[in-house]
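Following this line, the structures themselves.
In the two complexes below, chain A is the common chain; its partner is chain B in one and chain C in the other.
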Partner chain A sequence: MVDFLIGLFLATLITALFTTRLYRLLFWYALNSLTLGLLALTIGSRLHDRAMLLSGALTILLKAGVIPYILKVLSRKFELVRQIPPSIKTQYAIMLVPAILVFTFYLAEPISHMVQGNANYVAVSISSLFLSLLLMIEHRNVAPKIVGFLSMENALFLLGTTATEGMPMLVELGIFFDLLMAIVVINLLLYREEAQS
Partner chain B sequence: MMLFWLLLPPLLMFVASFSQNIWARRLLPISSFAVLIPVAILFRLPKPYALWRDYLVADDLNTYILLLASVVGIGVTLALLTLDRHVRIGQKAIYRFYRFFGLFWVGLSVSILANHMGIFWIGLEMATLSTVYMIKTNHTPAAHKEAWNYMIVGAIAISLVLFGIILIYASAKPLLGEKAMLFDALLHSAHRIPSPFLFEMGFALAALGMFVKMGFFPMNLWLAHIERAAFYPVAALFSGILESGVMAGFFRFSQIAGTVNYDHLFLFVFVYTLLTLFIVAFLIFRAKDFMRLFSLSGVEHMALIALFWVSGGTFAALLHFGAHAFLKPALFLSTGVLESGGRYRFAGALRGYHGVRGKLFWFLVGLFMLAIVSLPPSPMFFSELYGFGAMIDNAKASHHLLAMLGAITLLLVLLSVIFYRFVAIYQSMKYEGEETTKIVYASEVAALAIFALGLVALLLPGTMAFLKSIG
Partner chain C sequence: MSALLLYFLTIALMVFLAPLLLSFIKGVKMWLLYKRPVSITQGYRDFAKLLCKESVISREASAITRVAPFLVLAPLVVVLFYLPPAVKGAYYVSFVDAFTITGLLALSTFFLMLLGLDSASSFGGMGASREAFISALVEPAMVLTIFGVSMMAGDLGVGQAGVNLAEHFPSEHMASFLFAAISFFILLIAENGRIPVDNPETHLELTMVHEAMILDITGVYLALIESAASLKFVIFASLFAGLFLPFGPELAWPLALLVFVGKLFAVALAVALIEVNTAKLRLFKVPNLLGIAIVFAFLSLITFYVLGA
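What follows is the complex of A and B.
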């Protein structure tokens, strides 16, 4: 089940890279977060870790529900461009994504035997981080960059869940708080831009 | 309770920003001054002093850094009183600035006092996010672009730090459990960490994130562009508080990394800082406005502090750190007046001041300009002497004396380039250009005087003895 969810996590992120419509991108981000939340719930129930169960539930609620919804509302409110073609051509991106995956599996090889749990999960986490960076780089519009930033947060959460079998609850709650604050700041940035024009 | 008093002034600022009352704004410098009382009490308490369980613990190092950050906070609050007289800013934007400044201050205070890697990161992230809006207070396309740049690059930097923290936690969790998040527990058990390689990978990533945030190689110009686009108090907050918070984290992480494998730590930081200094020296030589000049100079000093610290020159690093924390915000705050004649005009910037306030202003700014290039009796002069001494002692112990002497020679050449540029700019400010009358306000002179007093305090024997005791 964990393998399936991690595969789905990676697949949703890769699909997001090739998306050319904003709402579809938000959908893939929500699905990506949903798989992450389910993953935390699965690992948490296996380890009987209540903190991880709570953070999994919060992930599903906030990252798969509230945040994509707020971003959709904001994009409507500020009439953000919904056509978001990536600046890297699809044929090049198709070559770049496997290259990143191979590179990160190679990169994570020396540390993989040192972490608890499955070694490949760490490699997937690192590759997700690079793919999120790629998502930020390949778009000129603001909205996909925001989704890239949020996906990076997901990749780090995945690393925390798989490499350490869960970060302390306090840290995870703090990260959620910061994420919500980021949304407030993004709203203000968009608002001021609107107010000027 | 002590924690409440420490966070009360920034929280008051946050609350007062909603009232939009001019008197509330005028009272904020007084409430900011009040932060010195709990900080002074903290100095007298036995260390380590737990402010909140194991999570926030005050020791001599972070109490000193907190004092520096508090003084900068007071100075910036004073200078903010006249921000609207130097730049075009609406009343609502000013109050929003205060709101995010309050959050920023809370975040950094938590970060500085953190004994927990996760809480350190949360505070830093909170400060980073609140800065984004402070940059955006300037309603220009350049500021808007830089606010987004800061959001994105800042997010990448802070994510690298979290990435590093997770790996460090993973490396020590089998030994320490959840205590693997605590700096003191990690330091005590550094020799026994089951996966030192994983720890070092984590440290390298966290350090890389912190270096990016401070504008080290290869991101030398991003901070300079942001500080240029934002209003000048933002730059003062960056250099005086944000960089202090980041450097406090670097001190903590590097203490542990030094215990795990000192040679690896030294080589990594040594090469990184030398590379940074090499590039920054030439960028400073080409700087054409005050903001970029001071910003790049900040990167130079942060690199020197990191270098002295890992060379074992704890005293030199902390003295340099204190001097930089006072000098750089003072210079950034003075740009509000210095740039009255235009953004890109050095010539005549120190001319045209009348009355006691004006004369005191140019005297203090002149003093700061010369102190930042380490002319005696600047604390930086002494810190650099001690710092280079520590580097040589370090080289003697590791039998790499010739290589170190070569590196120090290179450093001196680079610092000479910076020295030459600053002295040339100072002369241009004082003796060239047209004389145009400039207005200086009392609160600005008061802010500069506080920083000057701070510099003098650093040279007192008691302060020196305290800094030596930290090492």
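What follows is the complex of A and C.
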């Protein structure tokens, strides 16, 4: 089950890389976060870790529900461009994405020897970290860059849950709070851009 | 029931279901678009009507037009015998691998393109060149995907792979299995000319692929081509059902067949939902979609090899 969710996590991220419409991108981000939350719930229920269950539920609630909704509202409010063709052509991205995946899978090999149990998940989370970096690089508009940043955070969360079998609750709550703050900051940033233009 | 009898029963069922599935897709689409859906038996009615019609052949056409419709249908009928079994204990062909099946499908496509060129109309040539373009891109991803699944199942033969997967599902390789399934579903859509790649219902010159090739074909020949198209869909749907939804064959045989039919209809429903929800891609964007299929197929292989997940 965990393997299936990990696969779905990577698949939604790769699909997000090839998306050219903003709302579709937000949808894929929400699906990505949903799989992440379900992953945390599955691992949490296996370890009987109530803190992880709580953080999984919070992930589903915040990242799969509230944050995409807020971003959608913001993009409506500031009339952001909804056509977001990646500046890296799809033909090149088709070669780049497998190259990144192979590279990171081998890169993570020494690290995954240190982790007991879920060794694969470290490789998948590091590769999704690189892929979300690519998502930030390949777009010129601000909205997909924000989504790239948020998916990078998702990748780090995946690394945290799978590699360490659950970070302390306080850290995770702090991250959630940070994320909401980031959304507020993004809101302010968009306001500034609006004022300048 | 004897193994051989079940084998032929499954094949007969697939042949019987083939027009039904396409009418089902059409019906679901019309129902979702608030139209009055076509009857589910429309496929059979069209077939019967075409059989009674006179067939007119263009003056410019050579002997190929008379021969090619049979040669379009024949490889697909052969492929029907090589599919993974729907019922445990049924006879199956274990040694036929992905290359043979892809090759037979390509042979059928080749004669379809020849048929398009032979009618000497400009539409035929256009459709044939587009079909060549798409099928050339489908083949590498197709081979990669079925190869990846065969690795997970531990056998290169497609039929044997289906049996192995049903007996012992590789739940430790779930991630690479999922990637292969996504890739194969994109290929299913592309090979059957469903909406993001080709619209089967339009006769607009900008968008036609499959329809452009068979524009000059009438009567019995058209009936053959149409049944070839529906057989192709049922082949892909049952490959998807046998390799990627490998549950059900261990049940008692009537129940197993019922589960198999249910899976075919589930695939058809998924295709219909995608058709309603997406717009047709421009022809020159089709390589991007098939490129994504290749990415997922490749990803499935490297996830299997490097991570073992």
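Just so it is clear, the second predicted complex is superposed on the first by the 195 of 197 C-alpha atoms of A that agree within 3 Å, B and C clash if a C-alpha of one lies under 4 Å from a C-alpha of the other, contacts with A are read in each partner's own complex, and residues count from 1 in each chain.
FYI, a contact is a pair of C-beta atoms (placed from the backbone, for glycine too) under 8 Å apart; a residue touches a chain by one contact, two chains touch by 3 or more.
Note that the coordinates shown come from a computational prediction; the quantities given were computed from them, not determined experimentally.
After superposition on chain A, the partners chain B and chain C are accommodated together without colliding.
Legend: residue contacts after superposition of the two complexes on their common chain; A:Y92 is shown touching neither chain B nor chain C. Within the superposed three-chain model, A:L8 lies in touch with chain C and out of touch with chain B [touch as defined at top].
In the superposition on chain A, contact of A:L188 is made with chain B only, not with chain C. When the two complexes are overlaid on their common chain A, residue A:M114 makes contact with chain B while staying clear of chain C. More residues of chain A lie in touch with B than with the remaining chain of the pair chain B and chain C. Judged by the touch definition given at the top, the superposed model places A:V102 against chain C, while chain B stays out of reach. Once chain A of one complex is fitted onto chain A of the other, the partner contacts of A:A123 are limited to chain C, with no touch recorded for chain B. In the overlay built on the shared chain, the residue A:Y69 is in contact with neither chain B nor chain C.
Of the two partner chains placed by the overlay, only chain C lies in contact with A:F18; chain B stays clear of it.
Measuring only between alpha carbons, the smallest separation of chain B from chain C in this overlay is 18 Å. Residue overlap on chain A between its contacts with chain B in one complex and with chain C in the other: absent.
Within the complex formed with chain A, the chain B residues making contact are 55, 116, 118-119, 121-122, 125-126, 129-130, 132-133, 136, 139, 144, 147-148, 151-152, 155-156, 159, 162-163, 166-167, 169-171, 173-174, 178, 181, 194-195, 197-198, 201.
The part of chain A that touches chain B in the complex is made up of residues 110-111, 114-116, 129, 133, 136, 142, 145, 149, 152-153, 156, 159-160, 163-165, 167-168, 170-171, 174-175, 177-178, 181-182, 185-186, 188-189, 192-193, 196. Contact residues of chain A toward chain C in the complex are 1, 3-4, 6-8, 10-11, 14-15, 18, 90-91, 94, 97-98, 101-102, 105-106, 109, 120, 123-124. The residues of chain C lying in touch with chain A in their complex are 171-179, 182, 287-288, 291-292, 294-296, 298-299, 302-303, 306-309.
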